[in-house]
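Should a chain be cited, it is by its letter among A, B and C, assigned in written order, with residues numbered from 1 in that chain.
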Amino acid sequence: MYAESLLENRTIDAPAEVEHDVDQPVENEATQQVERDLRRVPIHPDHWYPLAWSHEVKKGRAHGVHFAGDPIVLVRTETGKLFALEDRCAHRQVPLHAGVVEGESLRCCYHGWTYDCSGKCIDVPYLGKERLPNGVRAYPSREQGGLIFVFPGDPALADSRPVPELASVTDPKYKTRRLGREVKCHYSFMHENLMDMNHQFLHRRQMGNMRARSLGRRRGEDFVEVDYVFTREAGKQPIGESLVFGGGKKNETGTGGKDVMTVRTGYPYQTLQIRTASGTLVMDLWIAYVPLDAAQRTNRTFGVLSIRRPKVPFVMDLAWPLLVWFTERIFQEDRDIVEMEQEAHDKQGGDRNNEVFPVIRELRSLLRERGGRTVIPIYKA
Amino acid sequence: MYAESLLENRTIDAPAEVEHDVDQPVENEATQQVERDLRRVPIHPDHWYPLAWSHEVKKGRAHGVHFAGDPIVLVRTETGKLFALEDRCAHRQVPLHAGVVEGESLRCCYHGWTYDCSGKCIDVPYLGKERLPNGVRAYPSREQGGLIFVFPGDPALADSRPVPELASVTDPKYKTRRLGREVKCHYSFMHENLMDMNHQFLHRRQMGNMRARSLGRRRGEDFVEVDYVFTREAGKQPIGESLVFGGGKKNETGTGGKDVMTVRTGYPYQTLQIRTASGTLVMDLWIAYVPLDAAQRTNRTFGVLSIRRPKVPFVMDLAWPLLVWFTERIFQEDRDIVEMEQEAHDKQGGDRNNEVFPVIRELRSLLRERGGRTVIPIYKA
Amino acid sequence: MYAESLLENRTIDAPAEVEHDVDQPVENEATQQVERDLRRVPIHPDHWYPLAWSHEVKKGRAHGVHFAGDPIVLVRTETGKLFALEDRCAHRQVPLHAGVVEGESLRCCYHGWTYDCSGKCIDVPYLGKERLPNGVRAYPSREQGGLIFVFPGDPALADSRPVPELASVTDPKYKTRRLGREVKCHYSFMHENLMDMNHQFLHRRQMGNMRARSLGRRRGEDFVEVDYVFTREAGKQPIGESLVFGGGKKNETGTGGKDVMTVRTGYPYQTLQIRTASGTLVMDLWIAYVPLDAAQRTNRTFGVLSIRRPKVPFVMDLAWPLLVWFTERIFQEDRDIVEMEQEAHDKQGGDRNNEVFPVIRELRSLLRERGGRTVIPIYKA
């Protein structure tokens, strides 16, 4: 029903740019990097970042997370209100997430200093109310699509920046799977991995021999996107893949057209969408890579993958465990390889990538331009 | 019989200082710290430090320990004599504790170089006696109260400095429990933790809701001490606590007076004593925090806790396992929290404590003044 | 038949140098080391180093190894040809050993870039053949005596440097055992350990009380060697040792002569040979210590131990498991002690060895002179 069958059902206006894409002279990227090693560009804080799944923060509980080395505590009060504070007591700097939610406030576990949703200290049990010390920093927070978003940058900008909408999540025509893990690499490797579909060879055991063809790219101030079509070169389509891309048997559209996959980095998020020749969105992945440590050498991945339900809906439910297995295996392969890239970077002490694919060079340029202005200090391996 | 009942049985001359203590203006401690981050003040070496329990060093055996990064070997000879040497062979620097005790000397395990109790090299099997190389450093050592004390500083000062006396240990009216663990923090966090009884909130699961009131503090050249009384605010007294503080049932002294707890840092040691209204010492804790590593980010705690036996002595023996469990749980909570403090300090790269309790500010000043004169280099987390 | 019996069967011309060796004034080695801490001298790369056992690199497979921090991939093609490349794809620096051997070439697992035996990039699936990027470095490689040798230095010198011959390995009169482990120390500690036979005390549990006597040393431009004879001072000969050195029962040569053990460092390798009074080689050990990491704080040991078969050959086969156990135990003791030496060096931040044995001082001087010209940066413990 889905992807691959559709990949074959669409007339492709293979643009001249395809060949151009891969055949233009490979200029040395070093010139661009003299000023800025991409792996040392911090993610820009003035965006909404998912820091937890909604279910991780239960009523009346505090939950500790990190953004780029900053500890943040997410609190859901007894009435269900959500707030986010710096995860350090103003007194002795211990994590507030070890504390106790009392009504609409959070009490530190150690000496009982208490903070409200704005971070103000409202009680020190052994101190007069008139002498209360300063409190802690509060972060703007929002909840959407099963994710808790925090704005770690300048709070004055929070309202003007959009919280990501995850449209397919609430659309009953789609079934959604959430995926996420910690991955030990800079977020930029994640973007490059997903956007360069020439890495299908990595998944040959899961996917067989698939060949990607880029149909051309588009670049805006804050995004890069690229379209691909795929051809199976050898091997049988694995059952896992047929659940994502659709199976040959259900192919009712012939081989004249192909599904088109669009991968887009709309800073700082990434999406991957597959549309049929007739324009139906059959797969919709939204994903963010949130740096955890100050060196931004580890990210937590929050992915929301929505698959359009087939006409016989229970078919997908039956097959769902296989899809889970299939996506887990692929994600594991991607994780292993990007961690190897990070390890090589740390050992080499700099970025020696020799990129030949113009899409990825455009992406790298975007990530450099939109990233934070500071430089991550040298990482000591 | 003991603490809490007694806490309630004593008339308190609640001194004006109590309120004064907590209500005086909270000055910014930064001024004091410009010169000296407390967490980078090394412990002063010119004191007797316990480095092992007596039972850890068996006859005819060598035992390796550390003081602030210096490896030290404790040797008990076949005749029972104890001595302490630098734990590195003068030849190839391997640990002497891996060697063999031969009579009254210690032979290195590698090439057999042999040292006497003064550290002098008295044999190299393949070298003439007239050509023996220099030996290793010896440390003054003493044994008292089941502890092996070593003087790591200037040996010329050893005799003039008192070895701690643990009086209750040998008094049959008391039963003694030894407690100790490695804790991953600077020794100063340990002193502050025990002396600030406002941290009872941390032990709410073990102790219920206890409220401490400070009765005032005293400061001398080498000590700070503070008296407390306690009030139970809510909850039932746990059985573990009644073993330490005494149970309500055994309360024979009424509620007019209260037990008084005195916590004292007499540099570099700490004590916690509970006395009844009539002056009887019911609980007597002596404790030392010995830095293990050069960065002094880990300490080994040697605590000796003596509890006065009740009139029906077997009652305590039956209850002893509960007391062990109770103290272990509380010690575990304290250990967790001070390790979080250390972790925060390492991440923040400096001391951002915002202390409001005058007792602790006095203590911090004492620890700075009495500590070693050098500065611990920045700790690389 | 072998060692110890023979040790006793040989007339020794105990040279005057023996006493001279151990009794000459112990000069302070510091003068020599002002310029060069031996533990920071890198091994010289212009030699053939074993990087794997032959059986580790199977047909059609790639195998990743390291030399002094440099990742190297060993490839055995389907036709059995062996080659060695830098173990990083020229594209994104991921390890090539995770790739796929295709015919006589190696394809990277990620985007499928492909390299031939010279390191040339011969295919990028999504790029025109005329635009192929640069490839990766190739290393000269050889296979001999069950070992794969690589020349990590200047390739122009490879042919002029001899690949070690392991003569006893192919001689049916000997039975050979291969031994090797990773040891966490600088290679120089390994050389010193084996060459200083005064460390028999370390193996007292395995060997009993053996006393070594040095018969004198020889020094050439690229070697140091020393002869020893042994005397049993106390205890019974262990069964394991009798397999290596020969048992008393088989002693047919009387006690007039002794076996002679010669330990030689012929840079960068080491050998230990035991010969009878009549000159028969009864034990022949060849060993190399290959630094794995850039700091050269870990080495992989490749040892080839050949023992001359007794006249009743099956005797040795029956006893072989005992010999394996015996050599493993001894090697474990040596490994433990050299790792302690390295640990002491790292903590002390420099070489404080106080060597009194002239043979070892000569060896240290050789290792300094023949080592690489650079200095290993300070190791951060």
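To be clear about the criterion, a residue touches a chain if its C-beta (ideal position, glycine included) is under 8 Å from a C-beta of that chain, and two chains touch if they have at least 3 such contacts.
Only a predicted model underlies this, so the values are computations on that prediction, with no experimental measurement involved.
*Asks:* Chain A and chain C share one sequence, so how far apart are they rotationally when you fit their Cα atoms? Give it in degrees, rounded to a multiple of 5.
*Replies:* So the angle, rounded to a multiple of 5, is 120 degrees.
*Asks:* Since chain B and chain C are copies that touch, just let me know if over half of their interface numbering is common to both, same, or not, different.
*Replies:* Because under half of the interface numbers appear in both copies, chain C and chain B meet with different residues.
*Asks:* Provide the C-alpha centroid distance between chain B and chain C, rounded to the nearest whole angstrom.
*Replies:* Result: the chain centres lie 48 Å from each other.
*Asks:* Chain C: which residues touch two or more other chains?
*Replies:* Correct list: 380.
*Asks:* What residues of chain C sit close enough to touch chain A in their complex?
*Replies:* 69, 88, 90-95, 98, 107, 109-112, 124-128, 131, 133-134, 380
*Asks:* Sort out for me which residues of chain A touch chain C in the complex.
*Replies:* Those residues of chain A that touch chain C are 22-23, 25-26, 196, 198-199, 201-202, 211-212, 337, 340-341, 344-345, 347-348, 352-357, 380.
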